[in-house]
Structure formats: structure tokens, C-alpha cells
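Alright, structures below, take your time with them.
Look at the two complexes coming up: chain A is in both, with chain B in one and chain C in the other.
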Partner chain A sequence: MLCLKDFSFKYAESDRFALRDINLAVPDGCFVGITGAAGSGKSTLTYAMNGIIPHCYPGDFFGSVIVGSLDTVDASLTDISRLVGSVCQDIDSQMVASIVEDEVLYGLENFGVRTDEVEVRLTDALEAMGIADLRTRTIDSLSGGQKQKVALASIIALRPKVLLLDEPTAELDPASSLAVFELLREYAHHHQTTVIVVEQKIALLADFADKLVIVEKGRIRFDGAPADVLAHSEELLEIGVNVPRATSLVNGLRQRGLYRGSAVRDVDEAVAVCEEVLA
Partner chain B sequence: MAKFLEYVPGESFLHRMNPVVKVLCALLISISCFCTGNLIFLGVVLVMDFALAASCTMMRQAAGLARAIAIFSILLALIALLTTPTGPQLVALPWGYLGWGSVVAAITVVVRLVACAIPLFLVMYVTQMSDLANAFCKIVHVPYKYAFTFTSAVHFIPVFMNDMSGIMEAQTARGVEFDGGALKRIRLMVPLCVPLLISSVRKTNSAAIAAEVRGFNLRTCESGFKEYPFARLDAGAIVACVALVAASIVVSMLVPPLF
Partner chain C sequence: MIEFKAVSASYDDEMPVLKDVSFTIDDGDFVAFVGTNGAGKSTTMRLMNGLLKPTAGEVLIDGVPTTQLKTSQLAAQVGFLFQNPDRQICCNTVRDELLFGFRAQGRADAHAEARVDAIIEQFGFDADAEPFLLNRGTRQLLALASIIVMETPYVVLDEPTTGLDFRECAKVMDIIAQLHAHGTTVIMVCHDMEVVGDYAQRVIAMTAGRVVADGPTFQVLCDRSALDATHLLAPQIPQISMALVENDPARADTALARANTVDEMLDALQAQEGAMSCGEVS
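The block that comes next holds the complex of A and B.
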């Protein structure tokens, strides 16, 4: 669905590359988690995937970014947007309406969705995000988590093939973050949608993602299944990516030759490993 | 609590009116204020403005706005006071005199500005910006690009005001004292305009990109989902406002000035 080949990018106002030699393939229906230290190039990577680079941010563009059958350099941003639905980091500046219903309607109206289909999509999107009861509320009266869900609903109402989310849980508590990820997984499963999430909470990503990508100083350092990536806990810590303590503990047991299985992602799995080692 | 120029939901007749008619009526009321200099007529319009504000529970906002505009129009009132030597003399001035006519002229300036501004601002409080843009696009055929630009500008006013208060709070936490006279506040606020400007540009850029990736460029006048039909209420409001403009013209022609 999405393929970056030898992609490098340098912003016009910068003298160093924000991203360098990126090769990444995202298959249809895959749930991809992208993480890395602050300033590593995660957001720039999302801008490349949704066509904001090069259409909105000029600079030196090398390689290619293909979304579906579109080359993001040749295709217009609007055409790319038909395939890729994006939710940016700053939710407040993304809101264009004062009422939840109007916010979701905005994209549907722009893309000329048929009038008889608009109501169905609107209701489905609000229900999928669990915010049907907020339909007539003013955006200003919503909490950070609710605004996040409205932003997601306004994108999924467009039924894009790819959902691209930049730190969708940045302002949320752990319980709300988990809820958002569960909603995303359920939605992606039902609609065969590819989901790409940039997120700092690696434990959360590891629980939900099929593929984990670690970005370091504009390059992809690790790209693979969460268990394979988390097996490199020491290197991840060195590049500023926090891994769950349970993962570090079990990786320590692996290094000492006490355990030969794959990396764990949560406390329950770590307890099981420890019991196995002690037995 | 609603912020400055932020939509307040409601079911009042002002809320239910067609957005285009709301703007048209507000403009007609403003025009009527400039068609006559009769203070009594302007006073009646002002009372009517407050009655409209009360009908949609916006008295607090209207009173705050009236106070703000009154303060801003003090300079104009002062000029009118010093440059309109009419009526019985009160104080002699080197270039003329200050009379009862000067006082009435100064009060007229303030009342006129307040009376003409309140309806325009009320429109913002009782109309969603998206409805305003869509209605102007569908009914008046204003290109959506321009309608959206206007409504976005209004939409961002409370956002930027919120940012400014956040920056001021951060400065207060670091020991800056914003209490005191207006001049001192202005002097302290000027340097804060730089971070505000930077964050504003950033937010505006993000908003533009967010709109573009949601198909902004595909929008046409026919794209809007909601319909904005004219009702009897709208026709009645237009008739009333046209009558108000006519009355103001008649008053200005038939009623002689007080001084």
C-alpha cells in the first residue's frame, strides 16, 4: 500500500537531512508503529507519507514515496488525501468547526460524498470512535481525549485506505490511550485499513502494531515485528527510546543465557518467563 | 463560558434565522445608525440591540462589548467634543467653545458606534462559522475559499486570545506583574507579541495543511450538506430592518437637531 524507496529529504531552510536513505514497505491492512527520540524525524516521515512533503514543505527530495499507485511527487495533495487520512499532532489547529457534527461533515462535504451517504458515514464514524453522544456538542467543551476522537472520526468518515496518525495519544492518560488504540484496531480490522501511528509510548505500540519502526537521526534503525525490535532493548535505550521494564528484564535473562525465547512486551509475559526460568 | 466571538449554542429566534439574513439584518441596523445623528433614535436602536441580546441570553457579552467599544470610541468622542461648537456655551476654548451641542455630539458618537457594533458581534455568537461560510457560499455564491478565509480568521481569534493569556500566565509565574495601568500593561505585552506571532503562524500553517488534506481544494458551492432555506422569520426580520433604515432616514430628514 505504501512504499518509500531510497527516500531522503532536507528542508529548504535546513543544511542537514531530516530523513536519509529510508526504505520502508507497508503492506495492505498492516498496523505499523513508528517511534524514536524527539527530533529523530518521525513527523517528517509522516509528512512524506501523506504528501505534505513535498507539496507543502519545500526542500531537497530524493528517492520515491509511492502510496497505492500514486507517486507523491507527481500526484496532487488532494489525490493523495483520498487514500491517506491524516491526523496531525496539534489537534486544536486541525479543528475547523465549532460543533462536532460539522467537524466530521467538513471532509465529507469537501470530497463531495453523496448526500444520502453522508449521514451514514457521519453516524458510523462517530459510533466507531464511541462519541455518538457528543454529536451536537461544541468542540470547545470537549476534553483532550474527546477532541482526539473527534479528529479521528472526521478522518475515518472519509474511509481512507491508510490512516496516518501523528502522536494521537500525546495528551491522553494511559487508559484513554489504550481506548483509542483499541478503537483503531477494531476499526482497521473491520474496514481493512492500513494504520500507521507515530507514538512515543512504545509499550502501547508493541501491543497493537504488526510492525515496529524505530527512527534514529533521520534513518530507520530497526524495522520488524515488535518482539524482534524489542529484543534490542539496550540499543533502543542508547538512542533514547524507552522500552518497558519487563522487556529489559527478560532481555537481561536472554543475555545471560537463562532464557532463549522471544522478547516480552508486558508484565504478565515477563512473570511467565521468570517462572519458567526459576522452575 | 463562551470566549470572545465564540459560538454559543441555543434555540432563540436569532439562532434559528438564516445565517445570510442575520448578517444582512446586522448590516441594515448598522446602516440605520449612520443614516441619522438623532441621539434619541440611536438610543432606541441601542435598547433594541440589548433586547436582541437578551432574547438569546447574550446580555453579558453585549454589555462587555458595549463597554469595550465605548472605551475605544472615547478618542473619537473627545474629538467631537472639541470640534463641534454648537448649543449654549459651557466652556470657552481658544479655537471656539464647548457647548451642550458638543456634549450631545460626543455622546452620539459613542452611542452610534456601540449601537451599530452589537448586532454584528451578536451574529458571531449565534451563528456557527461553518454555517456562515456554507450559507454565503450556497446562497450568495461567495467563493468558498473567501468564505472559509473569513470564518477561519474569526475562528482563530479566541484561539489566539487563549494563547496570549497562556503566555501572560507563564510570564506572571516568572514574576512579571501585569497589574497596574493600561500603559504599563501595554509596555509589558508588546514583547509577548513575538512568541504569539510565531505560535499563530505555526497554528495557521497547521490549520491550512489540515484543511488541504481534508479536500479543501475540491470544495464547491454545491458541496455543502446542510440547506439554509428562508423562513417567514427571516422575511419578517428583513422587513423590520429595512423599516428601521427607512425610519432613520425619515428621522434625519424631518426631526431637527437638538442644538
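The block that comes next holds the complex of A and C.
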């Protein structure tokens, strides 16, 4: 369980709160999508979850952030990072090695994983991300999508309880983005890992997330099942959050009185609604 | 006019990244290049402004091969927006950034100053702001503005909306649409099929260094074989449209099959539903 209770934070150099009165409970194994306009506080929220706040960014910290049994204020960043694995928005800034297997080994060696376990973890992580064939490739020779998978493999090799990803598909094509989300969902379900993804691609979040969190001006504006959150399409658009066209279509049908059911989150659900309207 | 005539290109003289690519982009076109990572889209863009020269074939800008043009001559014709604005921005103030292109071309005169003033006002920039202290969306707008200010007849944009939120994306694309409306030829790489559907007039789909489809936007985006070859998904409304026609082929001649936007689909569904209520359609 990851739990933020009455959490507020103001960076030391700022005169306003970046996050205010955040209450969020994420059960184990949940796939959470976080989105919001630029500057809304999404990245700050991830820094609170992985302990970067308060350990690296000083400021005024109120309330509590609990990961598993750790209070992030009291626990060391090393202990928090054993529970929470983070993948940066800029994956090039995360890479430390020149060969794929060295990149994955870096974390395992730093975490003091037993030598007889290292090979298993390395192989499992590369296979889980579908990049076993890239093991000896130089990182410079990889495409953006391949690098993204290496970054993910490096983190899942550490077997964290929580995977925290900041815009993991920003530079990926639609097929690669979909593949990364499918890999994440499969991994999360198989290992009961909590996955938290900050992402602008709302259609992907709507498709994959169990829970959608919308951040606006440092506060949580919506928090719930994707279809329930997306039912507020006009309010979302007003605060700078995109809505899948499939959702907008069905919300439009509801407004025109052609459909009285609930909102939808993807194309398949929208097609079913259209067939219902046409029946 | 930009012409690619049987163009091949490679970064290491061994493995070709582009293979025998031919197409023509007419003045005033708004073309989107789509395809998976590694399909050769960015390489195609680099060939247009001479960052890369073909290993075979010719790239012609207004009839002149890029191999016969100096970088400065190409830069005066083809504006180029990099995917990452931080690889483009190099000055200490917004104003200097916008003047950089004029200075590089020895044209930092009164006209250039007036152009920069006009762009600063149009975009609402703080002229004295430090570019690297601006947020990601504003840096992207600044990089775009530094291209627009030069008034080149062609602009090449490599994923202009990557990393932007919904509002920033709409703002960038609306500015690009205005630019196109005033006669600039726009060529962009874009992974967001909704943006491609909303703005581009023509789509060139690439895979493995080759062009696999080239035509009006929705003709390509609704072409199953092109989508399969490029591992792309159509925008959501055309996806819904195609599924409805697959479910009932009799719908192929109705507005349901032609709907590309939310409003078009809503109108088509309402008309069809109304007709059925009146017993006009079985």
C-alpha cells in the first residue's frame, strides 16, 4: 500500500505550495495513471512517492507519505529505493553504462544482490521486457523504444514493490507505447507490483489504468476508475487534460439524449455503445 | 517544391537507413510523416535541410540538389525544428535566440529587429527571459518561434508536440496551422495520430526506410494494409467508423463510414438513429 495523507509541499525556493492537501491511497498491485496540465504538480507527486522529496529537495513538508511500512521522512532514500523503482522522463539521463547488460547489472550490484541470483534477475528482466537479444548491444546503437525497455529492465531487475514511471512513452511511436504499457500490465499482474505512470497520452492511461488521478494546480481534482473520471470530459478539457475521442463521442451521445449509459474509456466500448444506439 | 528522387541514405556507409525513397512535396502542402521509431522519418527530415546528404539519388529543393547548396543557402529556405528544443536553443535571452538565425546569416538589420519584436508580441514572450529557465512547453514554443521568425518557405518539424500537454500541443499546432494558412509548406513527423488527423492534409507512411503509403490524410489513416505495415493505429473516430462498417457492410455507403471527427460521427449516428426511428433504414 502506498498512502499520502494530508500531504502538502512547498519547495524551499518557492513562495507557493507545489502540492496541497493530497490524500491518495494506492492498493498493492494497482495500475495508477496520473495526468494533468504542465506545472500541475505531477512530477512533484512522483518525487514525494520515491522519497526524492524531502531527501533531495528541501522545503516545507506537511502530512505523511507511507510506502509499505516506511514513512518517507524517517526512512533513508536507500531503503525507499528498495521498495520504489523509478524510471526518469529523460531516459538518457538515467543510463550509466555503455552495454545493455552492464546497465541492468549496475543496480543489482549496488543493491548487493547475491552473485548466484544476479544472472537469474538479469535474464528474467531482459526477457520480461522482450529484449534478451539486446543483452550485449551498446546502448548508443538502440532506438528510443529499445532504450526505454532497457531502463525498465534495469528497474524491474531490482524487484521493487512499486514501479514509478514519469512519461515512459513520450518519445515512442504508438506501437512501442502500447507494447510498453502491455509489458507493464503483464509484469504488474504477474508480480503483484504497483505501477504508477505519469503520462500525457490519455487514451493509453484510460485503456490500462485501474485508477486515474487528475492533478490540477497542486491538488487532486479527480481520482477514480477511468470511465468515471472521463465522464467529466468538459471539465477535464477546461483544465487542460485531453480526453480520448471515443470518450468524447459517447459523452456527446449522452448530451444529445441518444444514450443513457455510463462513459466509456476506449474504442471497443465506444463501438458497443454506437451499436446500441443504432440497434 | 521538394523532390526526393530514388533517395538512399546511411549514417555509416554500410547499413542503409533510407532505401530508394521517392516523393514530391508541392508548395503549400501540409504533410505528416508517420511510422514506427526507426522507420526513417527523422532521416528523411535531415535530408531536407542538408544535415544529411543522400548516398544515392537526389534531394532537390526548388529544383536544386542539396549537394549543390551551402548549409546557409538551405537554412534560408528550409526551417528545421528539432524534436528536443534543448538541442536547438543556444542563447542567453529569448530575444537573442530569436535573432540568432538572422545573425548567423548576416541579416541582423532593422527588418530582423522588427520581425523579432512582432514574434515576441505574437507569442507573448518575455524578451529578456533566460530560455533554459522556461518550462518545457515554452521552450518548445521558443524553438518554433525561432524558425517562424526567419520566414522560410518550408518548415520541417520533427515531432513538434512531443512532451507537451494538451493545451500546449493545441497552441503549437494552431500556430503551425496559421503558418500553413499563410502559404508556408509544412512537413512534420508526428506520432500522435489525432494531431495528424486534425491538421495534416497529406500523410506519408514509412516503414524500414521505405515509403509504404502516400495520400490524403484519412485515406492513408484508414488504409488497413498501410496501418498494418507501419504498425500504426488510425485516430479513434476512424477506428470506430471502420469497426461499424465491418460489423455491417451496408453502412459503407452511409455517413458513418466517412466520419473522421467526433462531431461528424455524432451527426452520422443521430441521422442514422433518426432514420431508423422513422423506419427509413432497415
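The rule we apply is simple: the second predicted complex is superposed on the first by the 277 of 279 C-alpha atoms of A that agree within 3 Å, B and C clash if a C-alpha of one lies under 4 Å from a C-alpha of the other, contacts with A are read in each partner's own complex, and residues count from 1 in each chain.
We take it that a contact is a pair of C-beta atoms (placed from the backbone, for glycine too) under 8 Å apart; a residue touches a chain by one contact, two chains touch by 3 or more.
No experiment lies behind these values; they were computed from the predicted model shown.
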**OP:** Could you say whether A:Ala12 touches chain B, chain C, both of them, or neither, answering first, second, both or neither?
**Re:** neither
Original post:
Counting only touches as set out at the top, which of chain B and chain C does A:Gly144 meet: first, second, both, neither?
Top reply: second
Original post:
Now for A:Asn50: first (chain B), second (chain C), both, or neither, which partner does it touch?
Top reply: first
Subject >> Which superposed partner A:Pro244 touches (first chain B, second chain C, both, neither) >> reply: second
Original post:
Touching A:Asp173, do we find chain B (first), chain C (second), both, or neither?
Top reply: second
**OP:** Answer with first, second, both or neither: which of chain B and chain C does A:Thr115 touch in the superposed model?
**Re:** first
Original post:
Residues of chain B touching chain A in their complex?
Top reply: 2-3, 6-7, 9, 128-131, 134, 148, 152, 155, 158-159, 203-204, 206-207, 209-220, 223-226
Original post:
In their complex, what parts of chain C are in touch with chain A?
Top reply: 35-39, 83, 135-137, 159, 162-168, 191, 193-194, 231-233, 235-237, 239-240, 243-244, 247, 262-263, 265-266, 269-270, 272-273, 276
Subject >> Partner chain B, residues of chain A touching it in the complex >> reply: 50-52, 56, 76-78, 80-82, 84-86, 88, 90, 92-94, 96-99, 102, 105-112, 115, 118, 136, 138, 140, 154-155, 158
**OP:** Give every residue of chain A touching chain C within the complex, in rising order.
**Re:** 36-39, 89, 143-145, 167, 170-178, 200, 202-203, 237, 240-242, 244-246, 248-249, 252-253, 256, 258, 267, 270-271, 274-275, 277-278
